[in-house]
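Look at the two complexes coming up: chain A is in both, with chain B in one and chain C in the other.
Entry: the complex of A and B
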């Protein structure tokens, strides 16, 4: 049993990590032709370039981080109350609301983006960071709303009533009793929001009009121009937050499912 | 002093159906009052209105002499202990018990003293650091009680406090609650669907049927002198003989029965009524064993049912079924088909209005 689990974990880790190995190798390679198993020569040139001033990689890294953080904060502020209402309240047309919330996930992003581009142009939001944050909310919000809705749907609101009966105000009941219980799930929602924003390409390209440079845009331009070594270094920089978040949240993910599983 | 006064409160849903219908009730301070009713009778709605989670459409609620209509739950002197207990899973036993005190802004030193007192009162020694998930069912129950009592409420509302417990734990919990009441003097309103629980715990019982408080009184009175056939039925009464009262005698198709002389309730003068008697009050003897005197009739056993502590005997006489509860010793050897004599002692008889 335990060996079976370990084997499964090993297979999963291999499947996830193996594709990244060539990227790491490329980032240290100086010429690597087809039949060769390893590069002819090694070099730190790609890394030096990436961290240098000319590449703009560091600027793009911070820009992407800023956009992803802003998107996450706004998405949580809007999405958690919406999810709470969807999860707890009973009202007519709830299925319709769910469908509307899901719409950005169902409709292809490029279609939405082209339509939004025209609107954003008229509003003067193209080419600005705020415009990019706004358009990132389109794919991010559904995640936050749906995760919080399922979180609250499994939450027994009588906990808040019990707290009230014992002397807590409405706000105290939420903050002292509900918040600690739903927090692990909300952390997961926030991390997913961050990653979804972090990995946006098309929306940033269209609405940013080339003036908002993020890591995925930079990565794509180097990859398509055949600079595999720099693309490799950038790709590693690009996947770094994902791996860090996964490691940091694995405990929260487990706690989150435990919270949901209990009721 | 009156701890709780309900003044003709009513509550309906927007669909027009009435959940609570003009319920009036006074509960004295220090009393254990059981609100007894089947599921769907409106007990939960009534309790939510007392605790402040719902407002009545009409009528008044007073707690300790103060009207609390429109008052938030946290400002009321009534603390509800939910059926699911709802111990806060992220807090230790100590923090659970101290929760209400913390919300009231009590200093950590005072809070700690009060929590210690509660831990002693409910025998939770050594469990203060545990999380609720690490406690047994009985311990969780005691923590929930300690948490509610810590805030020194005027009224403790207990919603089905024993429903989640095993039989032996129920008795223990019943004793715990009675002990708490005698030591703290808190007024307890017990919400239950279990008549035995209500009878063993409460000073008085209120029977709630379909949103109406049908009868309020001490347990014995409810069992022996039900106000209606519905109350009698809900409390396990199964013998109802239609007939009419005429000058202290109940005349029915089964014969005439002498009624107790002392009591004269309002229903006794009504022409038509149902004669009722508790199954355990009926005396049963072999056909030849008992001389046929007043209030006796012959019957035939049609079924017996062993319940562990009693035997329920179904008998039939002239198309009327009569139920008798006997101790297993007294029922030994009784078989379906046996001819028996039944004695309905006059002092155990009672007449309720005939709803038909």
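Entry: the complex of A and C
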């Protein structure tokens, strides 16, 4: 029985890592034709190409980073206050607000983005970074609101009331009493909000009109044109921020991961 | 400042942005699906786009394909996720490592998994090479088609790889919240270990698992890049068909793309309803 469980655990762990293996091997392969189990020769060519000027990968990397950072900053600025209200206050129409926040998580982005494309075209926002940031808010903002609402729902307002009764202003009570307690959870929320934007494909493709080149768009085009070595290197580059974020936040993960899978 | 004003001020910026982008986007898509485009002088709403797509067998095949991919991926992911959560809960050493692998997987974009699956399962991929080494095949073409295939095996495999950990993390959190007191009570009343899991634990984690599955189904049903990379040219998954129709050089086909967007939205509206019902049941 115990050996059966260990075997099952081993199979599960292998399956979780398996798709990453050929990506890593391909990125160092020089010619790897069927039916060779390993490349004929090893090379850093795909990596040199990736970091060189022609591939556009570094530009795309920074572009993706810029878009994800801008989206996260806006989403945190407006999403955390909303999450606080949703998590702590009781008010009429709360179910409707919850529905409006939940709906963009479930309705596929392509449906919203096809309509937004027409509006953004009128406003001159298609093909621009700001247009892409705006459309990324559709999945990212609900994520921030839902995660911070669940953070605040577990927060005891009495601490803030005590600070107020001792003479603190509303802002002082929030900044000096509440903020230090919710900060770790909010940092994790921000890091995972970054990843939600980082992973977007179809929203960027539609609203960016092919002029805003992000890492996933570049990765898709190399993968679909059969350049497995470069796709492998780009894929490794593409998953690095997620791994770093996980290592940085694994202590506080409970709040973040449950709603994340929608990336 | 009254509490009501305070709450309204806290909510207003987020709701304005979200309402504007989400409801605005869907609203415009709906108007265009009825052929309402004042710029082109089309001010008479009509049902032509819906008539065109609903009488096209390609649309029904795409809808069927997307429902099949989403249903199969969700069902297999949910069953395996519950099994994996039970496994992780019951093993001592290795529990933290497996939990970490689940979390690691959550940070991975779907596209990366799709390319990995492509390199593993294609007819010249890793498994085909292993089959050759084992003497099972002599040419790539003899390896069964697992990507770009009618059964969408590659697509479903990639979704299971991504969604099993997603549902699994939720089930694990759910189990941790419940603790072992209920199962211990059942055991002390004479239930076997399996009976305690089957009749006590599983019914309690079912609503949360089903709600997570509704999110997964909606996501898989509406996702573009995975079927675009791993799917057949015909039939296409519904989101791929909608995108291709939208980017058709013939601009008069755009209302058809919008009508498909409305169809996708209608299916996900059903799932929102299911999700909210399930969680209310779960809260009771």
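As a convention for this text, the second predicted complex is superposed on the first by the 234 of 263 C-alpha atoms of A that agree within 3 Å, B and C clash if a C-alpha of one lies under 4 Å from a C-alpha of the other, contacts with A are read in each partner's own complex, and residues count from 1 in each chain.
Just so it is clear, contacts are C-beta pairs under 8 Å (C-beta built on N, C-alpha and C of every residue); 3 or more make two chains touch, one makes a residue touch a chain.
Remember, predicted model here, so these are calculated numbers, not experimental data.
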When chain B and chain C are modelled together on chain A, clash or fit: fit
Chain B versus chain C as contact partner of A:161, first or second or both or neither: first
Chain B versus chain C as contact partner of A:111, first or second or both or neither: second
Touched partner set for A:124, first chain B, second chain C, both or neither: neither
Touching partner for A:181 - first (chain B), second (chain C), both, neither: first
Chain C versus chain B, contacts on chain A by residue: C
Touched partner set for A:172, first chain B, second chain C, both or neither: first
Minimum distance between Cα atoms of chain B and chain C in the superposition (Å): 11
Interface residues of chain A shared between complexes with chain B and chain C: 262
For the chain B and chain A complex, residues of the former touching the latter: 51-53, 72-74, 78-80, 82, 84, 86, 88-90, 99-101, 103-104, 147-148, 151
Chain A - residues contacting chain B, complex: 156, 158-159, 161-170, 172, 176-177, 180-181, 262
Touching residues (chain side chain C, partner chain A) in the complex: 3-4, 6-7, 9-11, 13-15, 17-19, 21-30, 32, 84, 87-88, 90-91, 94, 97-98, 100-120, 124-126, 128-130, 132-133, 140, 158, 161-163, 165-166, 169-170, 173, 214-216, 218-219, 221-225, 228-229, 239, 242-243, 246, 257-258, 261-262, 264-265, 268-269, 271-272, 275-276
Chain C contact footprint on chain A (complex, rising order): 5-6, 8-9, 12-13, 15-23, 26, 33-37, 74, 77-79, 81-82, 84-86, 89, 91, 97, 99-119, 134-135, 137-138, 141-142, 145, 195, 198-199, 201-202, 206, 216, 219-220, 223-224, 228, 231-232, 235, 238-239, 242-243, 245-246, 250, 253-254, 257-258, 260-263
